[in-house]
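Sharing a structure with you now.
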Amino acid sequence: MHHDHSRWGPTDQIGAANLLTAETRLNALGLVRKGRIYDVSHEIDAGAPYMPPNQTPFLLSIWASWKDSIKRRRKIGATNDAGSNVERAEMTMHVGTHIDALGHFSIGDHLYNGLPAADVVTDWGLDRLGIEHMPPLVTRGVLLDVSGLDGGAHLNPGRVVTPDDLARAADRAEVALRPGDVVLIRTGWGRYFGVDNHRYLEGEPGIDVPAARWLTRQDVVAIGCDNMAVEVLPNPDRTLMMPVHQHVLAEAGVHLIENLALEELARDRLSQFCFILLATKYKGATGCPVRPIAMA
Amino acid sequence: MHHDHSRWGPTDQIGAANLLTAETRLNALGLVRKGRIYDVSHEIDAGAPYMPPNQTPFLLSIWASWKDSIKRRRKIGATNDAGSNVERAEMTMHVGTHIDALGHFSIGDHLYNGLPAADVVTDWGLDRLGIEHMPPLVTRGVLLDVSGLDGGAHLNPGRVVTPDDLARAADRAEVALRPGDVVLIRTGWGRYFGVDNHRYLEGEPGIDVPAARWLTRQDVVAIGCDNMAVEVLPNPDRTLMMPVHQHVLAEAGVHLIENLALEELARDRLSQFCFILLATKYKGATGCPVRPIAMA
Amino acid sequence: MHHDHSRWGPTDQIGAANLLTAETRLNALGLVRKGRIYDVSHEIDAGAPYMPPNQTPFLLSIWASWKDSIKRRRKIGATNDAGSNVERAEMTMHVGTHIDALGHFSIGDHLYNGLPAADVVTDWGLDRLGIEHMPPLVTRGVLLDVSGLDGGAHLNPGRVVTPDDLARAADRAEVALRPGDVVLIRTGWGRYFGVDNHRYLEGEPGIDVPAARWLTRQDVVAIGCDNMAVEVLPNPDRTLMMPVHQHVLAEAGVHLIENLALEELARDRLSQFCFILLATKYKGATGCPVRPIAMA
Amino acid sequence: MHHDHSRWGPTDQIGAANLLTAETRLNALGLVRKGRIYDVSHEIDAGAPYMPPNQTPFLLSIWASWKDSIKRRRKIGATNDAGSNVERAEMTMHVGTHIDALGHFSIGDHLYNGLPAADVVTDWGLDRLGIEHMPPLVTRGVLLDVSGLDGGAHLNPGRVVTPDDLARAADRAEVALRPGDVVLIRTGWGRYFGVDNHRYLEGEPGIDVPAARWLTRQDVVAIGCDNMAVEVLPNPDRTLMMPVHQHVLAEAGVHLIENLALEELARDRLSQFCFILLATKYKGATGCPVRPIAMA
């Protein structure tokens, strides 16, 4: 392990995000030439795929409607008939396109930076390592497109994306990774998100620990993918579940971004761009839905 | 009314956001010199203020804990003790720093662009005008600081911020509004957010319809404030409730951003900057919590 | 239609439950000889079947745990280490064994007693006809067992239980229906509840409108069944959906009890008994989970 | 301690409810002469009092409305315009008139019968000692009215109801407690439930451990009261929090029934009656809202 927990000090809660600087931000903004925005997120609704039992359904319904709120306001003297529509949502933070907080996964009883889960995980969220600590990401994004490696439009469940696969994709794209980068891996699997959830969730192509290490060793701050878990499912070693989450989040302090929509970026053959992701500061949350964009 | 509903055509769902172009984005990015980020949002937790009955409490608790998920994974053969921490949240989308969708308010039975609320508002959210239609905001932000106008650190509840107040604040800041701008109004009231919610919600200083019209007439795309509702509460005319919401959202098609944290921007006397807000695409939602930033 | 809406007067909210009297209660209690209780309800958990989109998942998780609550109480001075375990549930009221309120179904825009749904159905529940109006049921229960009519252990989906089927089952059981009775129909379909939800929900044997009318004409106060909807699904007339709900609830003012567990009653060949059902008074709710019992 | 944990054996989950027999039930039913029902529960709505942070708000809103469900059914071919009204509730099980499961409270790390909380309390509820194990209560209820002991209409917060107070109330009522009884204590405090929640929750009159022991020693199966916690709040010993809950639930295996509405029983001077409480079988829940009745 090259990332030891004390790299950023015993009180650190943001991991590799320490690598983000004014310079990485200015460099990223320098990549924007046309002012064009690529939206790399999916819409979130009750049809969003989820993996029970840890992930749970997304439910949203109107709590206050224009009609009843007008009635209520008339009763207390209003004459301007201002109707409010307001919903109530019940949800997991890991719905749709979302980012994982560093405290989302443990290795046994320990979280990132060696923190004991028994102390950090409270009834009402994470006492430390929650998503509110995630700094805004305005940094270079790099797209590594491996979708065509097996000759089809996408890789298949159980297909491990190797370090070599990533290295070659970077070569093809003529990009060399740099500290502070966000790497987006396109497997092509995202086409089934919300379209055929059953298929989308039965398994997925993705990276295993070696490719994850290859990336974290190069000091990326986040790894995203067009699948549910970034990592290959099922793992080739059936006795390992979610080992990439363990390495990336808990060991390396690198964020994971899941369920990305990467088709437009691929279509326009963008390999590097300014990537912006602003995690909503839900205190103590283990992640949150996001709407990242790429700018070029 | 200068904004007639048909300005952007009968199928339009984004209103003034039609003014956002590659040019407005590039101009905004051009304001970033130092690569510095100002976070203008509050953390969201159970202590976030809300105005019942239309707004409701924010509740978050751990749904799956590292400990139990390790047990569950062991039972199905895992040996690597990967523990997941995942929460469940129950919430209004209008919690903390958030943006209102155009369909959030009606004038009688009609929403923005003359759409009939009876058709648009369904059991499970807005069929049109939901927050998923809001384009990413990467545009110029302008801070109009009126907090000191009455000689104190903040204005007080019921204090109307007038068009003249805003015009003079713009003059002092040496900024002229341009189409596509986001205007952030600082009343100083935000200091009570989460600190003294009772006081924060008893009323607030803010704009009334004349100042709102002064802003929308200049083609801003969003108006934000360091209070709960942007608009003055209670309204000087006690028979009017939320008239600014009606004008800005339903008439002008301009978004509202609420509960902003503007202290740092004010401290550094920033009057213009690159403003970035990425609304999460909850389908049919009447708004959503956000984490906007200013860059300079 | 023999039940006209005005039978119990224009302000009535309980329908046939008006037939419940001290006499019907005392008669029912007179059926209890051995003091034996039959529990006719299922357990409710996340595995309870539901029919989307109107029915929604049942979710329950620990909100406050013994461990954290002890910590919290220690901080404010407690020395006795009293740990509280408290959950949070998100649910439909139509989960598990449950009863439907009279306001649960409409015929077009009207509810029971001709009440306009537009007035009664508010953002936060029913202004009238909610389950809180349901009186406690302590009355005679009659079991009509039709499960073996087709020669198997249960009837099959789409099988209509006719008035003749019910009449013959009553004859076999040597029971004549009386005003104030609760009738429980056993189709045998309940064996799949929670065991094979997919099968349980694909369709079900049950009564159609003629048998429903045969029962309501005899002034029963509630009709229960060991299936999800009491009525046959799909209806033989594919252009009719839930017509039994319309007749029973909205027209006749008779309650429906669903997802009953009737195996023990059948095993002991009980045809009449004291039936007790105490609907929890959730104000404005369209029904509620219950735990009815039979006593003999 | 006279109740040792092994009284009912190491696998027991129902405690004193083991004392319920056909005989106790038949005796209770024998008390019903007039067939009259007394409803001893409050309605449950968003205005129900709750004690944060362990108790949480009750929220109910319409999930599916008659209007939209008719639209949806028309789209799939229905012609009978059957409209469904169905809500979604988010709730604590300890809302309104409710019963506590034996697993609701711990003494340190142990629950009733010496069970280790770390094993029993899972992410999704209690693995043992949940409310689904509670047998139906059809047993004798005894009302002990102490409301007038201090000369007013009710006792006041902090007022300890002593064993002597209870003994004298039983004498006045000419009732001797018997194994299997449910005891309902009337302090008069219930008049503020839902009427002045602030006052209702600031503190309450109730029993302390001595009176609780006096009751459990006589083998009652449940203790109810017209206040939030049965026990006096605050405890006279400020270093003790909820010691009655610890003794009654975790030590004695006796259930607690809270927020009862006892005015009618008192008005009619009923001292003994048939008490019926049917706890809904939410699997693993730490309690549930109920609608108990008294019959006479």
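Brief remarks follow.
The first chain written gets the first letter, and so on, giving A, B, C and D; residue counts start at 1 in each chain.
Basically, a contact is a pair of C-beta atoms (placed from the backbone, for glycine too) under 8 Å apart; a residue touches a chain by one contact, two chains touch by 3 or more.
These numbers were taken from a predicted model, which means no experiment stands behind them.
Shared residue numbers account for over half of those found at the interface formed by chain A and chain D, and the copies are therefore classed as meeting with the same residues.
Contact count check for A-B and B-C (C-beta pairs in contact): higher for A-B.
Averaged Cα coordinates give chain B a centre that lies 45 Å from the centre of chain C. Chain A and chain B have Cα centroids lying 24 Å from one another.
For chain D, the set of residues touching two or more other chains reads 46, 53, 56, 59, 61-65, 69, 88, 90, 122-124.
For chain B in complex with chain D, the touching residues are 46, 53, 56-57, 59, 62-65, 68-69, 90, 122-123.
Per the touch definition, chain D reaches chain A in the complex via residues 53, 59, 61-63, 88, 90, 124. On the side of chain B, the complex with chain A involves touching residues 21-26, 29, 32, 34-37, 39, 41-46, 53-56, 60-67, 69-70, 72-73, 77-94, 96, 103-109, 111, 117-118, 121-126, 132, 135-136, 138, 238-243, 245-246, 276-287, 289-293, 295.
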